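Below are two complexes that have subunit A in common, paired first with subunit B and then with subunit C.
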Partner chain A sequence: MATIDGTSLDFRLLDRLSEGHSAIHRLDPRAKVLATLFFLVSVVSFGKYEVSALFPFFLYPAALIALADLPALFLVRKTALVLPFAAVIGIFNPLLDSRILLHVGPLAISGGWISCASIIVRAALTVSAAFILVSVTGFPSICAALERLGMPRTFAVQLLFLYRYIFVLIEEGKRMSLARELRTFGGRGPGMKHFGSLVGHLLLRTWERAERIHRAMLARGFTGEFHPRRPCRFGAWETLYLLGWSALFLLFRLENIPRILGTLVAGVLE
Partner chain B sequence: MSHHIVEVKDLRHVYPDGTEALRGVSFRITHGESVAIIGANGAGKSTLLLHLNGCLVPTEGAVRVGDFPVTRSTLPEIRRAVGMVFQDPDDQLFLPTVREDVAFGPLNLGLPPDEVERRVEDALERVGAAHLVDRPPYHLSGGEKRRVAIATVLSMEPSILVLDEPTSGLDPHARRRLMGLLGEFHHTKIFTSHDLDMVLDLCERTIVLHEGMVKADGPTRDIFLDDRLLADCRLERPLSMQGCPICGTKK
Partner chain C sequence: MHMADALLSPAVGGTMWAVSAGAIAYCSAKVRSEPDERKVPLMGVLGAFLFAAQMINFTIPATGSSGHLGGGLLLAILLGPHAAFLTIASVLVVQALFFGDGGLLALGCNIFNMGFVTAFIVYPFIYKRILGANPSQGRMSLAIMLSAVAGLQLGPFCVVLQTYFSGISELPFSTFLLLMQPIHLAIGIVEGFVTVAVVSFVHRARPEILEGALRVRPIGNHPLRGVLISFLVAALLTGGILSRFASENPDGLEWAIAGVTGKEELSGPSRGIYGTLAAFQEKTAFLPDYAFRKTPAAAVRQEENDAGASDVRLGTSVAGVVGSLLTLGIACLVPFLLRKRHRVT
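For the complex of A and B:
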């Protein structure tokens, strides 16, 4: 169960990165949430065969990693972990869609392969953007920002709890699987026979712990209101940040920058 | 001051699965008292404490804290007055850093940021956990977690302190330190413990719970001298009141 272990810790590490003090960290969370949303919409709204026009968007994660001083390798690894899931979604496209769209020398590439590649690139972009948002903002602040942007408070609180309870579920699962492992002495044990009861137990325990955590929060005066870590103010920097990225995303979305560059270079060479 | 009084009357609690955890518990704790609630595993101690700040609702009977009966509408006042440290520190700590967790209560009280900051530092200093302030709570050792959990409540500066087994899992030094801390807390304090020596040191009064009922309620020393009562309730004398195993003298 070492994999489950690693996963939960890593996600919490992501949360810890949000305590940084870079200029990006200090921005009002609303600006970062909105910029990320704009990024996601721009990336997702491309046609299904688009690949090259997506690449300029990697500028955004790269720039933020540099500006906010995030551990690039760690984020790349986290993102890479998610890509196989995207590949599973796209993997049947080459079988279903064998229309030839592109010739690279002697190689004919079908639409299926292109759309599969497009899905994977998009997944890399969106997932890394989401991870970066968490690492420069922190999940509690994201929820607070969503609320201040007009999401009903109950939803925002639910979201925060959901996030917290996922860790609870993982931790309970870890403890139970360890307890089971220690008593099966490396063998396979009774195997699947107890699996149902194990899962049932896990859900019950998670439920109970979630209730106790909620109780402890209430005991400390929690009323469903968020108190952001940093005082937030949507000032000139935030406006600049949001407008700057939005303009860039719009440009990337409307113009195929790699193609333009390609023709430019070709023009110069002639 | 009447707002430090805790009064429990004919309290009964039946859990949804039918377990009858409390079967008619009554007592009154006045301002500045230091009271231990002891009893065997499953006697109902934690269940009782959870009623003191409205986490559980009585099946029958009533709880009053200060001038208020504990009801849904008085919960904010009650929770301001009663600081509760739960049995499992993992339930209490849930934010990414110790600092944020300790600040959670004061922020909910609506205090200004610099006051919150002062209280966080003060509370952590008092439990000897100032060096942990930027650590994530889920990476701490059991005893460190417990100290931080106590700090999360001290930072709210409650007028009644309720702790469920505060010294379990602490090393001897941390235990001493916590005992010193509790000794300095001059408002009302109520705690459960299996650490009977601590009870003897800190509490002039002890309530013995047995199978959901109050079996005895009186001066701590008298209760620990009543061997029959202790045996009935699956307890025993604190070590400091037992004979010395080396020199054989009996106190």
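For the complex of A and C:
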């Protein structure tokens, strides 16, 4: 949370991406949620020393970025920002596992480095898959898909409520933070002494806001459900999308494509 | 302290998903049956409040670093366990999707480590117990302090367990534990102070909010104990079943394929394009030990069981590296090719 403005700006940008109008955006959200799930399980199910077999999976984020017209650099940057958290744990592997497993010319590479690389590649794949899911589907549609796949209604309503007020309240938090900074001339303010009353006030305002919202909801005849913008229909395209990706992931999982490719190229060069 | 997808095995991830999904279903039913309808918007808005509160930083005395409110315990105190659990879970869903914290498979773990631990272990067994029937201000502060520390010890402990059972990280159990627990002791103490500050402010400004939360005794001891035990049994059962599959077959996907096709592994047909490629490859392989031969399934499994042997297969020649680079190159090229076509059409 070093750059507060940056974080909430990114949040907004990512949310905006779901307003696109590509063919991928128009698919039923259930197909996209299930394809993402299959992708994640395939990636995570590899052994801990597998690196090269993971590379073909980059095809999935790459293809979706292209087909859905997503800003590639933004997503790469956002993914790269999260990677250090996985790398912190992964970096211990080279220290603890020093059996030599791979020789590239004179260079001997230990198992620890390979499994560390594997962790980082996994993190890149899984994190980017989540970002891409939300940017081609949008949060409300993901909730609708999950609800149709069996998530309890109460939890779906909770997720949608949270989503509706996150932007409003983040603005409020930012305003308070900025106001405090301006009044304390940079320095004495941000101690723990005043934090309680500052956040307490925010909490009370939030509480009152919830009561207002409840009354407004009652006045408008809220019956306990939200209505999604796009109607859900699982048709031929959705089936094709889901089956196509699943078959591809299965292939990538069972065959080490880079190895086959490398052997072929080596053979041709020979 | 978010658990990450990259460190997780499918068996552990699936087990924790099952446990968390069960808890979400149970809490949803519980919240819906509550007569107080105002809770629905309150939960949503308080979840958003956590994000807002995290925009307001404070400096931690004596260290100079800055911290922010975690807030799980605060939610439990204000909303009671069931509503708080759903709220924390929803916050974690948003964090996983929009901020990349944890991941979607690790969501089950994270909901358990932060939501379940706070709402169903710390809140009833530590917070409520210390608070007693007629709490004073001091007693309340003590209860919050201890609960915050306990929650931030138990949660990371679960992270260590899940990482250990997944077996992706090399960190030995005890080393990882020694890394995690002291750090989170400090974080827990800070979280305790901050939560006490916020709760005592609310207590002074609008005591009825807290009194309302205290008076509603949503859970008697008996049903809760039943729930806890049933969750524990469910976790052990699923964990036991899944880990049996995991230990017999190194990966669950191959096991699933065996279930579908009746064979251990899809054997490559000797004719068709596969056969052609294999024949081509046998002629052209320039390093004998790198031959792309279809070893019998048992031999492959043996190799995989032997920790680390799979990467002997992975590497040992330039071909692996070349192939990897090629694949990455193709993956990077795809967007440009597709996008161009996309633009033209």
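One rule holds for everything that comes next: the second predicted complex is superposed on the first by the 211 of 270 C-alpha atoms of A that agree within 3 Å, B and C clash if a C-alpha of one lies under 4 Å from a C-alpha of the other, contacts with A are read in each partner's own complex, and residues count from 1 in each chain.
The rule is short, and it goes like this: a residue touches a chain if its C-beta (ideal position, glycine included) is under 8 Å from a C-beta of that chain, and two chains touch if they have at least 3 such contacts.
Only a predicted model underlies this, so the values are computations on that prediction, with no experimental measurement involved.
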> Is A:264 in contact with subunit B, with subunit C, with both, or with neither (first, second, both, neither)?
Replying inline: second
>> For A:15 in the superposed arrangement: first (subunit B), second (subunit C), both or neither?
In response: both
> With the two structures laid over each other on chain A, which partner does A:141 touch: subunit B (first), subunit C (second), both, or neither?
Replying inline: neither
> Touch check for A:213: first (subunit B), second (subunit C), both, or neither?
Replying inline: both
> What is the contact status of A:164 with respect to subunit B (first) and subunit C (second): first, second, both, or neither?
Replying inline: both
> Which partner does A:110 reach: the first (subunit B), the second (subunit C), both, or neither?
Replying inline: neither
>> Between subunit B and subunit C, which one contacts more residues of subunit A in the superposed model?
In response: C
> Intersection of subunit A residues contacting subunit B with those contacting subunit C?
Replying inline: 15, 164, 209, 213, 217
> Which residues of subunit A touch subunit B in the complex?
Replying inline: 12, 15-16, 18-19, 138, 140, 164, 167, 209, 212-213, 215-223, 225, 227, 229, 231
> For subunit C, which residues count as touching subunit A in their complex?
Replying inline: 2, 4-10, 13, 24-25, 27-29, 31-32, 37-38, 40-49, 51-61, 66, 68-69, 86-87, 89-91, 93-94, 96-101, 103-105, 163, 167-172, 175, 193-194, 196-198, 200-202, 205-206, 209, 250-254, 257, 265-266, 277, 280-281, 283-287, 290, 292, 304, 308, 310-324, 326-328, 330-332, 334-339, 342
> Hey, which residues of subunit B end up touching subunit A in the complex?
Replying inline: 50, 53, 55, 75-76, 79-80, 82, 84, 86, 88, 90-92, 94-97, 100, 103-105, 107-109, 113, 134, 136, 138, 152-153, 156
